[in-house]
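Think of it as A, B, C, D, E and F in the order they're written, each chain with its own count starting at 1.
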Amino acid sequence: KAKYNNDLYKTVNLPGVAVGLAWTYVGGDILFIESSLSDGKGELHLTGNLGNVMKESATTALTYLKSNAEKYKIDPSLFQKKNLHIHVPEGATPKDGPSAGITMMTSIASALLGRKVKPYLAMTGEITLRGQVLPVGGIKEKILAAKRAGLKEIIVCAQNSKDVSEVEAGFIKGLKFHYVNKMEEVLQIALGL
Amino acid sequence: KAKYNNDLYKTVNLPGVAVGLAWTYVGGDILFIESSLSDGKGELHLTGNLGNVMKESATTALTYLKSNAEKYKIDPSLFQKKNLHIHVPEGATPKDGPSAGITMMTSIASALLGRKVKPYLAMTGEITLRGQVLPVGGIKEKILAAKRAGLKEIIVCAQNSKDVSEVEAGFIKGLKFHYVNKMEEVLQIALGL
Amino acid sequence: KAKYNNDLYKTVNLPGVAVGLAWTYVGGDILFIESSLSDGKGELHLTGNLGNVMKESATTALTYLKSNAEKYKIDPSLFQKKNLHIHVPEGATPKDGPSAGITMMTSIASALLGRKVKPYLAMTGEITLRGQVLPVGGIKEKILAAKRAGLKEIIVCAQNSKDVSEVEAGFIKGLKFHYVNKMEEVLQIALGL
Amino acid sequence: KAKYNNDLYKTVNLPGVAVGLAWTYVGGDILFIESSLSDGKGELHLTGNLGNVMKESATTALTYLKSNAEKYKIDPSLFQKKNLHIHVPEGATPKDGPSAGITMMTSIASALLGRKVKPYLAMTGEITLRGQVLPVGGIKEKILAAKRAGLKEIIVCAQNSKDVSEVEAGFIKGLKFHYVNKMEEVLQIALGL
Amino acid sequence: KAKYNNDLYKTVNLPGVAVGLAWTYVGGDILFIESSLSDGKGELHLTGNLGNVMKESATTALTYLKSNAEKYKIDPSLFQKKNLHIHVPEGATPKDGPSAGITMMTSIASALLGRKVKPYLAMTGEITLRGQVLPVGGIKEKILAAKRAGLKEIIVCAQNSKDVSEVEAGFIKGLKFHYVNKMEEVLQIALGL
Amino acid sequence: KAKYNNDLYKTVNLPGVAVGLAWTYVGGDILFIESSLSDGKGELHLTGNLGNVMKESATTALTYLKSNAEKYKIDPSLFQKKNLHIHVPEGATPKDGPSAGITMMTSIASALLGRKVKPYLAMTGEITLRGQVLPVGGIKEKILAAKRAGLKEIIVCAQNSKDVSEVEAGFIKGLKFHYVNKMEEVLQIALGL
């Protein structure tokens, strides 16, 4: 049932696309977040059947990148002359919650910089406006979904390390974990910033 | 009960009109998507008793075409100086879901390019912001509706090929299937791009 | 109970007014649609206790006329420098559905051209964005209401001709029917375009 | 319980104020409609706990007066450089329905022309966008409320004359009735236009 | 339980603050209304957990003061170049109804004129757009709350005088009542205009 | 379970971040409020799953700081040329009520002045538009949460002093309390203004 494979991966490998991990009532799943710029006036468009908390993650991510544009070498004029559209595929499935925060910010940064996200990397974590990464739930189910999909590296909040350690080692053999506290660590791993 | 015949077809054959396939509680049906440009300031109008997910498909399709205007030789000034109206007839019937995505994008591209969609062609599939085509449900019922309506070719996601193979061969004799993974394949088949 | 008579008719006979046919739970009824232009910036105002589907009919009609302004010799600058207000009297009665589509478009075209609708003419039918006329329900009840009100000609979709033929001939003696497939036929009959 | 007396009347007698008649579950009542202009950009503000149908009456009245400004010698620049606020006192009481239409239009015209409404005059009737006056319900209860409040003249739709004739003569002795079909008759009686 | 005392009063005594009287299911209470100007474009902001009718009181008060700016020597340019924020403290308590109308108008006028409201003065009454003061309910409970809070003067509508006379004299000894019919009387008492 | 420790604190210690105290159905908790400026046109963005009353606290705080910019040496041009985003982390938890008012204002002032909030300081209290601090509920639970989190000073309304005195002394040993009546005292303590 996993839809992520090397062939699919190739079509994923564009600037603006990042892979998150979701926890639904049927278990864990991978989640693509797509960001795209087009000529405009700085509008933000959010699609993919997203709930309010998930939409707030996107606006929080965008403000953080605006406020820290210089630090990440993002051209600040992009925020004025481009529209940003963030889409999460599989529109039939309602999605919500704060745990896609770091994936959204990575996707946006990737689009703004025109730089691809590291391949075979997934992530999950809430963000704050000052760039902290907060722990989230469903770590075990999310990790298993990443494994099934053939992903190789996972970024989670340092405070989620104990949740990772509770997963039976055999299930996650070969997966590399990154434990982070700040958004700048995420962007360093995912985009080489 | 099929309303699509050669006479009707002639009135369909204008730039901006594409034929989709819907799956309702009474079975499959064909679905026209009409796109029309008029002088304006880049506004998007959506009518036809559409639910939120279907409206999001339209905005996702529009962003994709804006971001890929050069690739498809679409005049980028159209997005600024024209309004785009997308209508799905039979207003008494509520419509929703992501499966009209590729039909909407084809309809919009057809209107923007002033180029007619290939006749007797129908399609069904979800789109993503980076131009992927995703599989959808109700394939059997949709195919039978296309057959009843006298259509000759159908575009579906490659991942839906197994659903097609499960339909009894006699029912779909004479129908030609196109299996695609990317939006550029759809536009190539439908508009010759 | 019919409120339409020659005296009333005289006050109706202004550019912008067209007569539709409605089907309510108490039977058929006639329905006036009034369109009026005033100085403005191209805004559309809709009043008369209208549901969303009926409002969508109005925006669809307006887009069709904008896109086909040249064909119908409508001054395109009107869409920029005038506001259009469409009102359907008897505000205490909620109204909805797509069947007033061709009446709305006729009313708008009449206002834009400053040309009166043919007297004693009523109509009912859904419109599409490319100018097709689609069949609607309640034909028998609508015809009887038109007869009671003293109307003389009725425009319906060609696909509704079988519904007309099922009405007992004695009831509709003297009524002239126009069967149409396209909006241009409606405007030709109603406005002599 | 009647709140309308000569003393109150004096404070009423300003341009922009007209007296309507309402029909509530506790019987008839009089209803003041107040219109006021202030510097602005043509915005319309509606207050007084009004339902949607009553708000639509106000926008319909405003469009009629804009479209017929020349006929009634209304300075058309007022619609651009003034805001119009319409308030119906007694905010604790929800109000709705189309029957205040002619009162609203009279109130607006009075404010725009800076001309007082004829004293001791009340009115009730729905308006249409082309200036017709339509019949309304609750005539008996409304007339009795007007009588109790010391009003002397009442404008109703000609089609409501039979409702007036059904009220016992002794109850309405001394009241003068005006039966009208068009808004221009209302404005002639109320404002001497 | 009364929170209003001389110390609190001192912090109240700023331009823009007026004291109203509320009637809740636990009895009467005093209510502060705070108005504040800041640089802006004439926007109105309303906070304090206010219901729609109470918000309408504020817009009605503001229109009255705009329309009567000259009479009250209010600088009309303030309405264009300042934003007005009206706040009613104790945000945990929902508030609604028209009875704070005269308090809101007094608070706004006080802020616009930079002139403090008379100390130890409370008021309650609905306003109309032409400046009338209408009677309100809960007079007995409101008076007792004012007394408990140490207030010394109360403005009510003249039509509420009978409600005041029904309160036992001993309870309201020392309170001075002002009975008014028009907003100009309120502003004269409260602001010395 | 306390998430606030010296390590976490270090990431907190940026201008724009203030620590509040919340009272939830599972007891007291600490609450970070983050304010961030970015280039814009004076828009206010509020995220973190906030209810209407809490959002109103933010707009009230912002108006107070605009109106008192000179007093606090805030550059008034910031309100025109920057957008202000206020975020309250832990988006999965709905938050509401007025008690974060003084924390919100402190957070905004900290961001506008580019000055850090005093370390190890928490606060709770409603604000008014004229800068008063009002008492709030849940003091005992909030204090215990602050103690658990390692905080050292707490600002509360003077009227909450009796609530503090009711907490057993041993539980709050080492905590320093500030009792305030006005916002200027809060900003003096928190930001040294």
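We take it that a contact is a pair of C-beta atoms (placed from the backbone, for glycine too) under 8 Å apart; a residue touches a chain by one contact, two chains touch by 3 or more.
Here the structure is a predicted model, which is why all the values come from computation and not from measurement.
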- Chains in contact with chain A and also with chain D, listed by label, are none
- Farthest-lying chain, centroid of Cα atoms versus that of chain B: E
- Per the C-alpha fit, the turn needed to bring chain E onto chain F (nearest 5 degrees) is 60
- Between chain B and chain C, centroid-to-centroid distance (C-alpha), Å: 30
- Rounded to the nearest Å, the gap between Cα centres of chain C and chain E is 52
- At which residue positions does chain D touch at least two other chains? none
- Among line, ring, star, complete and other, which one matches the pattern of chain touches? ring
- Complete ring sequence of chains beginning with chain B, oriented so that chain C follows: B, C, D, E, F, A
- Item | chain B residues within the chain C interface of the complex | 3, 11-12, 14, 16-17, 32, 34-39, 45, 47-49, 83, 85, 87, 89-92
- Okay, in this complex, where on chain C does chain B touch? 52-53, 56-57, 59-60, 63-64, 66-67, 76, 79-80, 97-98, 101, 126, 128-130, 132, 134, 159, 181-182
